[in-house]
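Below, chain A partners chain B and then partners chain C, in two separate complexes.
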Partner chain A sequence: MRRSHLLGLGFMTPAILLTLALFIIPVVLTGVFSFTNMSTSTGITGGAYEINPRSIRLMKDAGLREGLIGDLEENLYKIDAAGLAQVEKDFGKKLAEEMKGAYDGQTFKDRRELVRAIKDLKSRPRSSRDLNKAADLFQKSILNVRYDDESAFLNGLGNLGITLQDGEQAELTRFAYTGWVWTTENFSNMAAMPSTYRAAFNTVLYIAFTLTFNIVFGVFLAVATFYLPSAAASTFRTIWFLPRILPHVLYVILWKWFTWDTGFLSQVLEPFGVAPRNWMMDTEINAWVSIVLINGFVGASLGMILFSSAIKAIPSSMLYASEVDGASRLQQVRYIILPQLRWPIMFTSIYQTLSLLTSFDYIYLATDGGPGSSTTVWALYAFKTALNNYGGNLQYGFGAALALVLVGIGILASVLYLRLFDFKSMNAAPRIEQ
Partner chain B sequence: MTKNFKTLPVYILLSVLSLPLVIMYAYLVIDTFTVTTPGSLVPGPFTLHNWRFLWEPAKPGQASIWAATLNTFLFAGGTMLIVLMTSATAGYALSRLRMPMRSFMLAGLIMLHAFPTVTLIISVFLILQIIGLYDTLIGVILVRAALDLPLGVWIMKGFYDNVPWEIEMAGVQDGASRFTVWWRLILPQIQPGLAALGIFSFLQAWSEFILPQVLAPGANAQVLSVYMQAVVKSETQMDFTLFKTIGLFYTLPVVVIYLIFNKKLMNIYGGGTKG
Partner chain C sequence: MTILSAKLRQSTAAAVLALTATAVSGAALAKDLTITVWSGGTNETESYRIENIAIAADLLEREYALRGEELNIKVEGKYDFAGWAEFKQAVTLAAEAGTAPNIVVSSHLDLAPWSQAGLIVPIEDYVDLDAWPLNDIYENLIDITSYNGQVVGLPQDAESRPFFFWRETYKKIGYTDEQLDELPAKIQSGEYTLKNVFEDAKKAVDMEIVEKGYGFYPRPSNGPDYAQFYQSFGGTLMDKDSGKLVLDKKAMTEFYQFFVDCVNAGLTRKNHLGTDWNQWYNEVATGKAATWHGGTWHYARYTGKEGLSDFFGNIQFSLIPAGNAEGHANTITQPLAYMITKQNDEEAVEVAAQLVKIASEPRLNSYHAIKSSHLGISRQQSNVEFYANDRWAAEATERLLPFANAQPNHLKYGQFSELMYKGLETAWTGTKSAEDAVAEVEVEMKAALGDDLIVR
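What follows is the complex of A and B.
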């Protein structure tokens, strides 16, 4: 390998490492995670074995043998060393030794059975209250006991005298496992849930409206500022560019102040007899207009910059000539400026479609997908499912499956984007050999 | 343009359309320095009362804003440094050095440039949890830097492409190594590019909200955007004056930097950023 190869690869290393760790691996892992049922309750790393009310419910739903579920749910009474030591402390050595002789290692199905057995002994406690108390010392349950691995779990079952029939072992350990497992349920759930279709519909609506607004308004701003003297033009451009660099949190707060029921619009309209109301969240339509405007005001500035520089590239002699020939301003825009903008408009459309498809922070801050879920777009839906669920259980696996759809579209669109570039000229070979 | 066309209608139309934004900006500044009375848009007398969060907690139980400010500086500064170092080297390699798989890397760069990175946030969240960088500034700095990287390399490559080959050939002819040539001759040539990219990535990180909110929400790594959102969320009544004052404090560096470096930045924003 030549020295410049080594130097080149050395220069690339930091970028490659960072890209690998935070682009390539996340893309692959999004795919991996989407085939798991990871959530807050399963944890991310390994799991343990435990029978708890939730797994009991799942077993009942799955139709496991009722006797077995009963055994798991019931408290059992097993005579063991720990219990005997406690009896010795509370009721004296005599009873403990007698019990050890008669019943050591035995399991009783319920307390009544054990109490009856104790009653057969000579040194039994007198009152029935004491009998119950003595019996309770042997109470055992597999419920909510965590075992680190499968064999410990099966041992625990055996110690309690819970017997398994053929083929039940595998099923039981599957239900008792608290960690995540591989599954394709995320995708079947996705296809079955109406909220998925609502989110998809919202996304299409959101992109269509916002993109149209961005392009039309971006063209308008670029053309309008083009006809103004440069000082005025740069003032207006600054006004329209600021939303892009203002922190998102503040920008959305300004919109909320503008539209809130104690905010600007309500106060201005009050003297005209319009009752104050929350103009942003009042109805679904209001919420939609708000998020399109909030995103559109930011998005239009990108169009404004790109289109402005494209218009500047038009030879001014062309514009002068058209004026001499008597073209009106509209004709000038229609026949000279707009044709020049065809390429930048296409570029901006593809670029913004992709970023609108996946960006959700303005919607999250402004309407939080509401009212109801009327403005929940796909990206926000995935985000809320996996990372921002007030219900408590964050479904990482399902969220990853939702994100995988966007990742897939993203990859396809970036390939398209690559085709649009003049790749040959970019790829020109370096001129120094060494 | 020319005198043949009236500009007045354009002025009127643009002004009317810009009115909402101008009102927002104006009241952002006015409200923070005056006594605001509910139900009135006329500013009251001057006061600094709204700025009291600078010397006492904004809400009982809230941390001081200065810790969040320091974190934001570390976050934005750290991101800027990593982006600059990796882009300056990778951009040079892609522009000037021969190496295996060069065109593959270039194609990958363009694809990453367009790729919607925010979709990866769920798996990045899980990865940071697994490797133990969750809720740390380092973790969120690395993620933010990685997201800026394709744009950064792209822009730096553009700047390197415009440096004449003759400078480099002269250096090599005089016996300098390629590394020395890069460090002593080429880097000084692309200083404007480094400055613009540095400012750009600093501003992006300074305003970033979703990444720190998801990846580092804890008190130790809280940045200003997360801090501000926490104040907003903890309010039952929308105290817009408080929000605006915190917001103005938060955004002041951004606006100042923008106004100073306006021209330099336009190149990068025009070069196709997300949005």
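What follows is the complex of A and C.
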């Protein structure tokens, strides 16, 4: 390899690393998570093995052998030689002897009862933790015992002396496991839930309206400021650029002040006999108009900058020539400017479709998906499911499955757009060089 | 060269040995521990959730000192989370990353998922439930902080969620003071129901005593409060025998319909959900609303920050009235619980448990109860004068707590309650009819909860 190639690779490295860290790895992880039932209660890093009242109830529902369930359910503490030997090892001979003398062969119905008994002894451990630990050495069941791995669990099961029939060991392990398992249920649940379809429909609405607004308004701003004297044009462009550079929270608060029941809009309209109302949240239509405008003004400002620079690149001789030919302003726009904006419009459409698909920050701050989930777009739905809800039982698996759909749609949309705008011919070498 | 490296090795070994010896002997002399406490749903008025741990640390240090051991505990507290969602997200993700705080104060509803995930450890392994002060805590509260037959956390406080009436407004629509004083008893017996609330609130709006949308002014965000209305209309949250969650379609529909009717009649704003809490507190504490519902701890806010000087002269409170013949007047208590997280340092876990135990002493808990207007957790608090002389604590305890139930500690209750609220929001805002909203909730619950759900 030539050294100059290495230089190229060197320049590319930051981009490759960023793509890897911010796109490839997250997408792969999302893909992996989406085929699991991972949630707050299963944890992310793996589970433990535990037979507890809940798993026993599930085993009963699944119709496991009653005798087996009965054995597992029984929670007994019995003072026996094995336990005493362990006590001697962990807490000293004195305690073991005292326990043997006082309680040998006795059974206790739960740990608390045994701890009370141990507390009557002289050489008892002095801390509650040690008392409980000493009592645990006599437990004759595995109820509520948490085993970190499967072999420890099977060991514990073996020590109980329960004879297992064919296949029961695997069943027990399955019910005892607290961690996540592989599943395709996320996708079937997604297909079964009405809120999925609503989120999908909302997303389509959101992208279609916002994108149209962005492009049309962006082009309008670019063309309008193009025909203005340059000082006035820069002033207007700066004003229209404000939504983009304002912090998101501040920008949305301004909108809220503008639209609230006691806000600017209500106050201005009141003298005209319009009853004050919350112009952002009153009806679904209000919410949608707000969402499209809030996002639209931000998006249009980017379009404005791109389109303005593209218009500036048009050779002025073309425009002069058209004026000599008697073309009106509208005709100039229609036949000269717009055709030359094809590339930036394509870029803006692709870029903004993809960013709108995954963006929910302004919606989250403005309507939080309401009223009544009517502005909950797919990305917000995924965020709330996986990471942010009042109940706090975060559904990482289901949320990842939702996100994976977005990734798929994003890639498909990119391919579609590239074909639609004939990306190849635009990227072809100029004919003059062929 | 070899001599040099051998010498180097020797001196390194000696240095390591010396360092280890110092460290070990140092550990025997003094132990420094930093205990972090994160508290959810906590404002300045509830600061004793953390301060009590700091006081407990001081007491525990003294106990250690008297035993001849030196223990230095540094308590670091944090409660400025944006909301419950952000708090729970922070705790869960920190625990997954292995940086969980030692003590967490959160709803008892989190005990089930967090203990299943192994984020928290049963506190009963580290404390003596038969010894003071834990043997004095009300048994029903201990039940609420238990899961799978183990005492997983300890109740931090008790509360309940009453219905409130603005007395002046009620007098203007024709009630006398005597009738208002009898109202809580009538609600308890089922004589005064949500139907009457609707009629009276409508009168207040129609007579223009309160503004439109202020006849009935509910809590503006998700919370256990809404499960109370489900119970008012005869709904059950969990089937005790099977341990499964219950969707009672009739109760759910009537519960949603009540809120839809309130919106249609102009008693409640259609876009009420999401109202800013500060605005909400101010409005209810200044008599802008005829009726509303909230929590016992609101007393502190109304009489404190909002400046309501005569609570009892202005406000009447009661259970949430029954909605229909199948339901009953009720209130839900959602105690927060102290929970101990799993840590590699077993000693830190034990110390954290001891701190929680000491913070549960009647006097310390009374500081929290009085400052935040929560209810006490143990019997002896009625012998702590400071607590017993507080009129609100005494009356609220007597009128509400005997009838309070808690939401079930169930792995999937969080999802159940989310979906129930989402359905309510859909009906409330007019996006769907109550029946359609319930039909959607049924489909979603079946998919999300699977075998853990019974539909009636």
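Assume the second predicted complex is superposed on the first by the 260 of 434 C-alpha atoms of A that agree within 3 Å, B and C clash if a C-alpha of one lies under 4 Å from a C-alpha of the other, contacts with A are read in each partner's own complex, and residues count from 1 in each chain.
Here is the rule we use: a contact is a pair of C-beta atoms (placed from the backbone, for glycine too) under 8 Å apart; a residue touches a chain by one contact, two chains touch by 3 or more.
This structure is a prediction, so every number in the text was calculated from the model and none was measured.
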Quiz item: If you stack the two complexes on chain A, which partner ends up touching A:373: first (chain B), second (chain C), both, or neither?
Solution: second
Exercise. Mind telling me which of the two, chain B or chain C, contacts the most residues of chain A?
Key: B
Practice problem: Figure out whether A:288 sits in contact with chain B (first) or chain C (second), or with both, or with neither. | Solution: neither
Quiz item: Who does A:399 touch here: chain B (first), chain C (second), both, or neither?
Solution: first
Quiz prompt | First, second, both or neither for A:116, with chain B first and chain C second | solution = second
Quiz item: In the superposed arrangement, does A:187 touch chain B (first), chain C (second), both or neither?
Solution: neither
Quiz item: If you stack the two complexes on chain A, which partner ends up touching A:224: first (chain B), second (chain C), both, or neither?
Solution: first
Exercise. With the two complexes superposed on chain A, say which partner A:195 touches: chain B (first), chain C (second), both, or neither.
Key: second
Exercise. Report, in rising order, the residues of chain A that make contact with chain B in one complex and with chain C in the other.
Key: 44-45, 387-388
Quiz item: In their shared complex, at which residues does chain C touch chain A?
Solution: 83-86, 88-89, 92, 96, 106-107, 109-110, 112-114, 116-119, 122, 124-131, 148-150, 221-223, 242-243, 270-271, 273-274, 346, 350, 353, 411-415, 417-418, 421-422, 425-432, 440, 443-444, 446-448, 451
Practice problem: Please give the residue numbers of chain A that touch chain C in the complex, ascending. | Solution: 39-45, 47-48, 52-54, 57-58, 61, 112, 115-116, 119, 127-129, 131-132, 143-144, 146, 178, 189, 192-195, 278, 281-284, 368, 370-374, 387-395
Quiz item: Within the complex, which stretch of chain B touches chain A?
Solution: 1-2, 4-5, 7, 10-11, 13-14, 18, 20-25, 27-28, 38-41, 82, 85-87, 89-90, 92-100, 102-103, 105-108, 110-127, 129-130, 142-143, 145-147, 149-150, 153, 165, 168-169, 172, 178-179, 203, 206-207, 209-210, 214, 224-225, 228-229, 232, 238, 240, 243-244, 247-248, 250-251, 254-255, 258, 262, 266, 269-270, 272-275
Quiz prompt | Complex interface listing, chain A residues touching chain B | solution = 1-5, 7-9, 11-12, 14-16, 18-19, 21-23, 25-27, 29-30, 33, 38, 44-45, 221, 224-229, 232, 236, 238-250, 253-258, 260, 262-264, 267-268, 270, 297-299, 301-302, 305-306, 309, 319-320, 323, 329, 347, 351-352, 354-355, 357-361, 364-365, 379, 382-383, 386-388, 396, 399-400, 403, 406-407, 410-411, 413-415, 417-418, 421, 423, 426-427, 429-434
